[in-house]
Amino acid sequence: MTRVGKYHVVLLGIAALILLMSLVRIVSGQNDITSSGTFAAALGFAVPIGLAGLGGLWAERAGVVNIGLEGMMVLGTWMAGWAGYQWGPVAALIAGLLGGALGGLLHAIATVSFGVDHIISGVAINLLGPGITRFLSEVLYKEGTQAADAGAGITTSPAISGKWEISFPILSDGPDLLGKLEATHWFLVADLAGILRGLTHGVNVLTVLAVLLLPLTFFVLWHTAFGLRLRSAGENPWAAESLGVNVYLIKYVAVVISGAFAGLGGVFLVFISTKYVEGQTAGRGFIGLAAMIFGNWRPGGLAAGASLFGYADGLQLRNQGAVTSFFLFGAVLLLIYLVLQVRRLLSSDQPAELVTRGAKQYTTIAVAALGMVILLWLWLTVEKLPNEFVYITPHVLTLLVLLVASQRLRMPKADGVSYRRGEQH
Amino acid sequence: GDGGGTTASEAPTGGASSEAPKSALKVGLAFDVGGRGDKSFNDAAYTGLEKAKTDLQADIKELSPSADGSNRGDLLRQLADAGYNPIIGVGFAYAEDIKKAATEYPEIQFAVVDSASNAPNVTGLLFAEEQGSYLAGVAAATKSESGHLGFVGGVESDLIKKFEAGFVAGVKSVKADAKIDIKYLTPDGDFSGFKAPDKGKVAAEKMYQDGADIVYHASGDSGLGVFQAAAAAKKKAIGVDSDQRQTVKETDLQSVIMTSMLKRVDVGVFEFIKSFQGGAKGGSNVTYDLKVDGVGLSTTGGEIDDIKDKLDAAKKDIVDGKITVPAKP
Amino acid sequence: MPAGLNRALLTVAGVIVAVILAIAICSAAIIIAGASPLDAMGAFFDFGATERTQSNGIATFLNRAVPLFIAGLAVAVGFRMNLFNIGVEGQYRIAAICAAFVGSTFSAPAPIQIAVIIVVAAAVGGLYALIPAVMKVTRGVNEVISTIMLNYIAISLAAYLVRGPFAGVRAEGELTTTTPKLPESAMFPDLNFLFDWLGMLAPTRNGGLWGFLIVAIVLGVVIWVVLERTRFGFNIKASGLNSSAAVASGVNSKRMVIAAMVLSGAIAGLIGLPEILGDKGAFNSNFTAGLGFLGIAVALLGRNKPVGIAIAALLFAFLDRAQGPLQFADIPPSVITIIQGTIVLLVVVANEVTNRIALRIEERRAAQQLGRNTPVEVTA
Amino acid sequence: MSADTLATVKPAVELEGITKRFPGVVANHDIRITVQPGTVHAIVGENGAGKSTLMKILYGMQKPDEGTIRVNGAEVSFRTPSDAIEVGIGMVHQHFMLADNFTVLENIVLGAEPTKAGRLDVAAARRRITELATAHGLRVDPDRLVEDLGVGDRQRVEILKVLYRGARILILDEPTAVLVPQEVEELFQNLRELKAEGLTVIFISHKLDEVLDIADAITVIRRGTTVASVDPGEVTARQLAELMVGSELPTPETRESTVTDTVALKVSELTMEAGAHRPVPKGTSVSVYADKLRQEGGRLLLDDVSFEIRKGEILGIAGVEGNGQSELIEAIMGIRPAHGTIELTGQDITTWSTLKRRESGIGYIPEDRHRQGLLLEASLWENRVLGHQTRKPARKGVWVDRRASKADTARIIKDYDVRTPGVDTLALALSGGNQQKLIVGREMSGEPAFLIAAHPTRGVDVGAQAAIWDHLRNARAAGLAVLLISADLDELIGLSDSIQVIYRGRLVAALDPSDITPERLGGYMTGAIAGTEET
């Protein structure tokens, strides 16, 4: 498939998805499925995950597995909180980046210079991140310090002042045309308006930055000389070395940037909360890593993974009822699948004996049909899911998508390989 | 719940009069996960402890458990071995551990915050959060113009459900047809719900968008997000545990905090130490309810001054037993 | 075998250097915090003045090591095959609650009661690990993602079970949700007699020295035997070292993924039992979390070998025990985590360095024995 | 090149007194070589003689402990390959140095990327590559992924990489090891052109005929030292070999036929799809199904492959790499599903697992010993157990019988002359030849009925080669059926009782080894000669 073709397929897929969502919204009456609020929340949850994922992408494209994203993110949050309350948001941003980068540097020293197993180093950083920050809080934020007077506690920093939110003029602010359209609840129109408004209203400046980092990463990694070298370090560092590429340097840069991105994810969390709160990363580094793998080590896929997760999380937090519409959603998807299968079965012009009409195919169709019926039944009967099942919506959804999506994941070939200059095994 | 024990108004009697040798008072306190400096529950307990230090010249020691809370029992033992008596465990998670430690150290007096006494030398320091929350509900419903309110709970544990139950009852007592949105951030066992301002914000935002004009939170640090959502929507919120209009430092957020439901853990802790000094023994519960002002509403900012009568009436009804506030939703 | 001895000596030397370095780094941190590193050292070794506190301290220390060791074993079984089972965390949680509940539904003589609980825990842990295994084998879903997601699902599921179907009665005024209390026959006998033998006071702490320690030791030995001596263990090792060679030699990689993952999950299922059977007697909403993640660090520090894991678990437990004493000495207890992280990092760095040295030595020896080190004299 | 020009022009490369020590090994010792510009200079020597090390030193990948390097008369000291590239040296490595997931273009420009406004200038790069390719007759498609390329194409990419950097001195480390004669000839044609343009080529090969064919000068290295400089016009291949090893060149000639009438392995209609394997529908024959697949336009990696191997017979499969040999092996080993049937000594084993196949007597010497044959980080005795986990002597119930395994490993070490300090040595500490001998010994134990030998002597020096050939011959005499796959056509012709040529997944010709030359064989392999039956 050519590049343009792929691009079109993606666009078509998105269009079909929105159509489907609109349909489900109308049928279920759950406006939150495409409300601007949901999409704004989705964006807010997707960004830190996406940033962590981007961090993972940079490191792993250069051949270094980074399971330490969580620890680096924690360092980012603490540094942002600490610098932010004293010198404002810009300082918070810089400090958070530095905090994450420091974690990245540690990871780089261990994995690149000493050839330590990447997972071990990452796990150690995941221990160190919370340990060091807690220690720093215990020292710097304890009773009687200036910070404590400014509102710090051992688990929180003082608040950062300053708000960095922007909206798209006219469309989603002031006259707020999109908002008005959304309120009509018209089929498809309101959905599109809601989605657009959610993504443009009251958006944190960091969000814009983070979203821009995706194409930027794509550009740098796939369209510049530096990016080619970086990726070559993840595919075949020995080849790169033999062509005079300084693989060590490249890996160092990549892993430090990786840490900085994870740190930026932390800064984002701090900006949203206006302060550092111990434990506020809540495993997002791991989820970012998962999003990156989900996205096949590519920025676009990663964004899709982070968005899926963010959307599901946002939706479940905003509207537990809407979560049951996923049953309907699944039922409709299964129905489409069934129609396609049956059509293929009937329209085949091959000699009858050649059509792969094994028992297996009938079984799949039967299972799909059964699944559809069950989902529909669930949708019709389940008033309210126990809360515990609502919380896990994003996780279950991620698993389901992974199960259904064909698995042709391809990680960089030398990812996780401990590379030593001049040695090839 | 008033597990058949005394209430606080009786407990301290005789405490202040009989002065024990002050230097001998060594009070140990073990925090819940998160430890000191959480600006909330643990810190409130510490305030009480500190007061004992200054007022009663107590020798104090406070310990925080490890992040996974696996060593709560061991902290209690270490305090006991170091000669501390009495020893206080902060948080209902200490219930089991206190019970065991109490049997191992029968000569030492223990207290547990938020859980009932379960041994002869254990005092249960209980708080009638549902009563305070009831008042918060009354205040919210009275102040609400839309008749639509919200509650954000941090972690879906039975403790936080007490807040929910009281709040709902309070609201319904004023407006039986009021709409109340309820959302918890994480399931029981995942305590990140107390540390997720972003989630609190999204949950509250939705409530405000749907027309709620006052949201009550019992979600620790996540409440910050609730206040932010309130500020953005130009609506109101109700804080919890301490007077958050004072503890929250951002001025733009302070103004959205209509009131806070106070839970005087500091009073509980201090009173317990004081009564210990007076020779009180455990085996019963002390309930800090509206009657003894163990719970209540803060008035900083004066936003509920105009409905003071109504609140006082509700309070009186509860104190008099005319109203029994449910502790479970 | 002098080559092996050489290697072992080098490794030990490396570890010692690493630990010393880690201590130095943390001492620096402690000094910055305005405290004395010597006090900190004292706190780590301070097991109290009285016999009672000492034996309690020792029991606390060993009790902590038991679940860490089991968690390390669980992670290591996966790692040996290059399977990264981050899901140990979720597996033990689900297994613990199911085992606690099942154990509370009947009453049998102690050995049977306990055996059933252990079997249930292992089975549930194994089954929960089967999910990512099957997803990986049939759909190629990366186990890192699936186990991360399943961890979150496990937390919610456990929360649901402990409040819903598996909820037990609790005392009036108690807020902790819990499964029904296990019968007395389910409680694992303690090992306090060991202290008597050594002429010490038995720990007075509830539960004493957990008898599950024995199970852990047996488990460690069994796992060692399975991994090092059986064909199954050989297949795991081969798959881990070179999966394509393993496949070519007739190892069924899919079956191995499932077997290793399920074994890992089954071991993980036992992580919560020491606490339940030795102390708590139930699963409740405050159940110790995070052991699965610590297990990763323990396994890696122990180089995925049972003996190493035991040492790593003891080290971690030793450090963890000082949580209280450090605070008595006014030292921020977070230095524990810092030391743990630093040690993990430095020990592997040291390992890497000594490994390289050992390899050099071995190569040189091999070359010398073959007489390849002398170039031939040639007249051109 | 005449003598007087040589005198006036400065040597392209002068290596003087180069010494390089590795822990325990002196790889190079006082090496002296002078390479004249505009010539092809060959370097020959046994495995492990130190050729690659020397070249890596010249290319800046390794630092010499002693000695000086002069390029075009000026003394140089390289820290990294970029320094060497700077002065115009380029190297094609013994093992491909290509990123599989990159396009040809990306592989070529890596490290020397043209940029425009910070962007990788793909258009300029493509233009330049096409120019170079046409100028030197090196056909490549810049936009194809390297993983889709055959070895010949990859070799060309490697050479283009070097030319792209404007190298005037080319180092080619065993470039022909994986090429068929036609491709070798093509390569040599390119080299001659480059030479005509004044480029200097340093060429390493174990194939002495080729060396004599292309080289203008030859340097022989033995055990890390230069032992002779000879003129290709004045030596024969045999003399050259004797200079290298001091022993006679072995030949892979099989003596008399030992072929019996009993069929050991029968493969019929073996067909493999390129995509996912879908089982043949019930009641359909494989050939009908294969027809359908062909009609659908699907690529078939194996296309209706049928043959028989009788006891005592060696069947050689000739083919350019990537024409289905690996797939054939994987199908027979049960590693990858395929349609058709496979019978071993009369038993249908089509549905059996790899393990069961091995247990029933299939031995397997894999093509890539590091990838499929060895656990490098495990001891030799554990490597002996590999593939024999379920059989004596490795097995004792559920246990691995360590003692018996070690004893049997010792036997292999003795019988197959594996040079190692002991059975507990890690496999990675052995040289390639010794590793290979261990594998051969392992696969021969347990009296297999049928052996797959894929490139059994690849990268193995002459001594070890002869030993491996002897073992194969002896086993054949004892009734073993062997499927031999080899890129070394002399080996193939010398050992096989019959030869089949595989081309694009099909067996296109059955040949008699007694009257076929490598050149003709190469013709079939590349599809230049249409398939016929020639028995």
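Lettered A, B, C and D in written order, each chain numbered from 1.
Heads up, the rule we're going with is that a contact is a pair of C-beta atoms (placed from the backbone, for glycine too) under 8 Å apart; a residue touches a chain by one contact, two chains touch by 3 or more.
Going by UniProt, the chains are A, C = Simple sugar transport system permease protein; D = Simple sugar transport system ATP-binding protein.
Just so we're clear, the structure is a prediction, and the values are computed from it rather than from any experiment.
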I want to compare two interfaces, C-D and A-D. Which one has more contacting C-beta pairs? C-D
Starting from the mean Cα coordinates of chain A and chain D, work out the distance between those two points in Å. 44
Cα centroid separation between chain A and chain B, in whole Å? 37
Mark out which residues of chain A touch at least two other chains, giving numbers and ranges. 130, 283, 388, 391
Where in chain D do residues touch two or more of the other chains? 376
Could you list which residues of chain B touch at least two other chains? 67, 156, 187, 190
For each chain, which other chains does it touch, given as pairs? A-B, A-C, A-D, B-C, C-D
Quick one: in the complex, what on chain C touches chain B? 48, 50, 52-53, 56, 60, 64, 93, 152, 155-156, 158-160, 162-163, 171-177, 204-206, 275, 279-280, 284-291, 320-321, 323-325, 327-328, 333, 336-337
Could you please specify the touching residues of chain C with respect to chain A in the complex? 29, 32-34, 84, 86, 135, 139-142, 144-146, 148-150, 152-153, 156-157, 159-160, 163-164, 293, 296-297, 300, 332, 334-338, 340-342, 344-345, 348-349, 352-353
Complex contacts: residues of chain A adjacent to chain C: 106, 110, 114-117, 119-121, 123-128, 130-132, 134-135, 138-139, 283, 286-287, 289-290, 293-294, 386, 388-389, 391-392, 395-396, 398-399, 402-403, 407, 409
Sites on chain B touched by chain A in the complex: 34-39, 43, 67, 156, 183-187, 190-192, 195-199, 201-203, 205-206, 209, 221, 224-225, 228, 232, 247-250
So in the complex, which bits of chain C are touching chain D? 1, 3-4, 229-235, 237-238, 241-242, 244-252, 360-370, 372-376, 378, 380
